[in-house]
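After this come two complexes, each holding subunit A, first together with subunit B and then together with subunit C.
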Partner chain A sequence: MNTLTNSPVRQSDGRRPDPTTLLSIRDLTIDAGTKDSTVRLVDRFSLDMSPGDRVALVGESGSGKSVTARSIMRLDPDFRLSGSIDFQGQDLLKLPEKQMVAVRGHKIGMVFQDPMGALNPLMTIGEQVMEPLRIAGVSRTEAERRAMAVLEELGVANAATRMKAYPHEFSGGMRQRVVLAMALISDPSLIIADEPTTALDVRVQEQVLTLMDKVSKERGLAVLLITHDLGTVAGFTDRVAVMYSGRKVDEASVDALFTHPAHPYTQGLLQAVPRIDQTVPRLLTIAGAPPHPANRPTGCAFNPRCSQAFDLCREKLPELRPSPEGGVVACHLYPVAGKEQGS
Partner chain B sequence: MATTLPKFAPERRNWLRSVTGISGVQLLVPMVVALLLLLAIVGPLIAPEDQVYRSDILSALSPPSAQHWLGTDEQGRDVFWRIIAGAQSSLLSAVAIVTGFSLVGVIVATLATLGGKWADEVLMRIVDAALAFPPIIFALGVAAALGPSLNSAIIAMILTGWPVTARVLRGVMKETMSQAFVENARVLGVSRTRLMLRHVLPNSLDVLVVKWAGDVGNTILILGGLSFVGVGAQPPSAEWGAMVTSAKGVIATAPWAAFAPGIAIAITATAFGLLGDILQVRFNPALRKR
Partner chain C sequence: MSLLELRDVCKTFHALGREPVKALRDINLTVEAGTITGLVGESGSGKTTIIKSIMGLEKPTSGTITYDGINIPEAKGETLKRIRREVQFVFQDPTSSLNPRMTVEQLVGEGLLVHKLAPDRTRRRERVAELLTMVGLSERDLERYPRSFSGGQRQRIAIARALAVGPKLLVCDEPVSALDVSVQAQVLNLLQDMQEELGFTVLFIAHDLAVVRQICSQVAVIQTGQIVEEGPSEQVLASPVHPYTKALLAAVPNPNPAIARQRALERLQEEVA
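Presenting the complex of A and B:
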């Protein structure tokens, strides 16, 4: 089909890999628990990211978004992972732990939710920012120089003095900058940000997001932003994937998602976001709660909460299919190409 | 006319504070500890030997007086000088024992946390087994093998003391492992060993320091118990615990003989306990006064 790419590598599903793909997650399935009682946390999750792409992974607590992000780094050895996570041509799921250590922090950086706890209280800021470089064998003077540069890039004034300070002397926003500096110092090509602004107040959230926006644009850095806050998504990312109960149910460009959300769940999420340009008497909420991963309803996992559900939704799990807005959606409301929608 | 600003007393610069970072009553603690350690070193040299060891039945059990500041014991030996002379065997052996078993405990706890499920399981079962040994009985066994002496008591107490430290510290390390900064370091590609030594262990040691200091006082008491059953320091040694246990029988008629070394133990235990608290503050940059 595509004669321009003559890459000899073929992926398991027969598609030719896009040479510009940075991260390609295929059918990632995550199981937890013992052999007798397995809970499927994530079910056949796929996502592609090109260098410099900024993608948001959105969902409620327990939707599997954080587990997915953590599994890219293989942080939970107790979970059973299947599928593939191709990063720069390597399947991270097949990599021995020793080589995985070299990927963590060096090729993929990660920023967590809680900047208060993310720093070692007994080590100076400088030591902690330098640590990834020191592990990689960079000399102390060189590491110091680079740490200073990255802290200044992130707007930490007096970096030379501040590097000698301890975490408790920093405010929440400043700590998040330090955590970001730790993730950026090895010059990774992808940053996974797991709710990086949730623990910060709104004004500081704005600062950190603006900073991440600037840095990722300047560095051509790809960002996978995990969040439950659609407001964060709108200003920062290009594309959004929505997860519900362990599955990707909707994926679209930010514009399409906000103007014509395809999945009823996405529509519900958007109605629950307060908007400055619209006056509504009362914010709508989605009734009910997401199902426990061990006890999902048959058919579409969202059907008990969905106002547009019909018989098929209660019987058959909808597969992902192209949506009218150019993304993909897993919903029976959208007929499979070439087939009539039965009602 | 210029308004005069109210005058404040200039802040007193305390050189001790600038060196140690502590001030006020807290300064008493390192001073007492230093005095005790000094006694432990020079005590046996300055105490007159005939006052410490020579029996003088005629003046036995005499109450505190100008001649015998803290009275005499049932053998007529001077209690004050015996306490001075006994500081060495009491204090140094207690410090050696507690430091010894704390080190073993740290190593075992680190290996258990570092080694994964299997190593953890095996090491903790060994700890369980070691905890099941009653220290006194174990010390009797060691004494039977090595001959009764202060040294066999020290060996026996190191061998029975480490499991508690290992267990406590392993619990603390498990908890530290779940802290966000440990996860963050992992995400930055820090290897397990480095993670342990740079992040987990230093952030778990505050508990150990407190326990170490508290154990010193406790150990002096157990050492005394061991001397009592004839396993530890041998008579006429002036070890404090031994003094308390040997004066127990005359506590009604000559309370000073038991109380004086008892108070010495209490002061030592308290001083080391408080030292632990101060060290904990010194180790934690967030609690440290600037």
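Presenting the complex of A and C:
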């Protein structure tokens, strides 16, 4: 290990002394419910992102991927969060709500699945795109200028006129551009996109992804893409983290994950997706359904659905360990590491 | 032999003070008996208008929709009843298509009751239990309500409900697009198995071309109210002729990172050019 004396290290937990870390989530645990009955939605989730990093968080409904994304922004005050979310040297979980407002929508932008639900039907497009700036105290003329610029950057033609329009006058793809513009206007360093293309037609979906691809590359913007669709992930991201029943079970570079998926769940997911370039007599499925968060099986949460499960899987929760392809995996099929990879 | 035929079907919607919308323009579509035929299109292409017309909920402005030789918009009385029994539907979102206040037994048994297909309650119950087993649920689920099931299980209930009355034609409107990947494969396999076992005909409406390729033998592609390409799905999806079909296919995300990245790069260059 080299000396760190000259590097502008903000903070490090000692495990990963990376001076360029933008976001570092450590053991994020999310509980919901009353004092009497608590449901653990997310269990000790960790993830690191460098500036400009594009990471996908993949999982099925109920896996905890959206809850994780929303909790980075602390959007649900009813959830009890523990662990740490280190963003640009600040632990977001310890930040007073007032300062959190300065992060939300300014340093971190968010794009939600349903653009119609994310837009106020009674406000013009322009007002909504400008809103984050106006809240931050930017003058109206300046806000208008920047709103127009960002809309044009996202390929909205006649931005000046379109700013006076209302959401219902826009198509689905255009609305998603507006939502993206709202997220980008404050020049954030991270965008969290929660299923940004799921509600869109294939061609529009591709347009929006291409746009996000372009913008993130040009701006050096980090993107955390939350999705259930492995197909959209392949071309867009560098790294993929797979969540199952509240835990990260697999993380690898996009190439490693698609060519040599480590976790049996990831393997199953990849096989279950119908492919346009090949047909099989029958799709391979993962039997059963994910467990309810209040009723997870003992041991590995995936064990009742896993074809490779053995005794240990039913007894002991597998911790994350290095996978053969250079990522991490939470599965007893792989040996636990000696050093470096803790917890 | 064709089971369902749309001949020169046009549908124009009129709205006060606006240009009339030509939702369907000379649609010709044949669904051969015993096949799974896919109908592919984006939102606004007219898929829903076609389904509504098959259900008899929309009357075409011109043209005919015949099921087994009967013109659906003109069907009345016993004939209409027969169509209502023999043509069944499975919708996209089982959460909204199943009445939350009915038990599984009532939901699946409703058709049997309406069409007087089971003489008494005990028989009906037996038949419903049988159907549930067929779609991978069990007799124990009879008393349960839709809310206590997962999305995939709800779609199984919807399929059991549709199959209860022994349909000859099953119209599936995006039946798996609201489901998770691992569950989607289960439901697709179930549909395929049921079709092979019972030999009914399926009109499968979808936007996911990979799903269509997996399950359909025939496919028709619809764009703004017109069928632009049709044929065996292997042929249409492997070597499309119409530019729209090509564009749709090109937009399907490829789950191979190297290919997907290459394509993303091409897209970016197109943008710049």
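Quick note on the criterion: the second predicted complex is superposed on the first by the 317 of 343 C-alpha atoms of A that agree within 3 Å, B and C clash if a C-alpha of one lies under 4 Å from a C-alpha of the other, contacts with A are read in each partner's own complex, and residues count from 1 in each chain.
To be clear about the criterion, a contact is a pair of C-beta atoms (placed from the backbone, for glycine too) under 8 Å apart; a residue touches a chain by one contact, two chains touch by 3 or more.
This is a predicted model, so every value here is computed, not measured.
Engineer: With the two complexes overlaid on their shared chain, look at subunit A and say whether subunit B and subunit C clash or fit.
Structural biologist: The answer is fit.
Engineer: Quick one: the Cα-centre angle at subunit A between subunit B and subunit C, nearest 10 degrees, please.
Structural biologist: For this superposition the angle at subunit A equals 70 degrees.
Engineer: One more residue to check, A:Leu284. First (subunit B), second (subunit C), both or neither?
Structural biologist: It touches subunit C, and subunit B stays clear.
Engineer: After lining up the shared chain so the two structures overlap, which partner does A:Leu230 touch, if you call subunit B first and subunit C second: first, second, both or neither?
Structural biologist: The answer is second: A:Leu230 touches subunit C but not subunit B.
Engineer: Does the superposition put A:Asn158 against subunit B (first), subunit C (second), both, or neither?
Structural biologist: Neither: A:Asn158 stays clear of subunit B and subunit C.
Engineer: Which partner chains sit in contact with A:Gly268 here, subunit B, subunit C, both or neither? Use first/second/both/neither.
Structural biologist: Second partner only, subunit C.
Engineer: On the A-aligned overlay, A:Ile276 touches which partner chain: subunit B = first, subunit C = second, or both, or neither?
Structural biologist: Only subunit C; A:Ile276 stays clear of subunit B.
Engineer: Looking only at contacts as defined up top, I'd like to know whether subunit B or subunit C touches more of subunit A.
Structural biologist: Of subunit B and subunit C, the partner in contact with more residues of subunit A is C.
Engineer: Contact-wise, after the overlay, does A:Asp255 reach subunit B, subunit C, both or neither (first, second, both, neither)?
Structural biologist: Second partner only, subunit C.
Engineer: In the superposed arrangement, does A:Leu119 touch subunit B (first), subunit C (second), both or neither?
Structural biologist: The first partner, subunit B, only.
Engineer: Considering only the touch criterion stated at the top, classify A:Arg104 as touching first (subunit B), second (subunit C), both, or neither.
Structural biologist: first
Engineer: Least CA distance subunit B-subunit C after superposition, rounded to whole Å?
Structural biologist: Minimum over all C-alpha pairs of subunit B and subunit C: 9 Å.
Engineer: So which positions on subunit A get touched by both subunit B and subunit C?
Structural biologist: Looking at subunit A, the two contact sets are disjoint.
Engineer: For the complex, which residues does subunit C have touching subunit A?
Structural biologist: 42-43, 150-153, 180-186, 188-189, 192, 207-211, 213-214, 234, 237, 247-249, 251-261, 263-264, 267-268, 271
Engineer: Per the contact definition, I'd like the list of subunit B residues that touch subunit A in the complex.
Structural biologist: Touch list, subunit B to subunit A: 179-181, 183-191, 194, 198-199, 202-203, 283-286.
Engineer: Which positions of subunit A touch subunit C when the two form their complex?
Structural biologist: Subunit A residues touching subunit C: 60-61, 172, 201-206, 209-210, 213-214, 217, 228-232, 234-236, 254-255, 258-259, 268-270, 272-277, 279-280, 282-287, 289.
Engineer: What part of subunit A is in contact with subunit B in the complex they form?
Structural biologist: That would be residues 73, 75, 101-106, 109-110, 112, 114, 116-123, 131-132, 135, 166, 168, 179, 182-183, 186 of subunit A.
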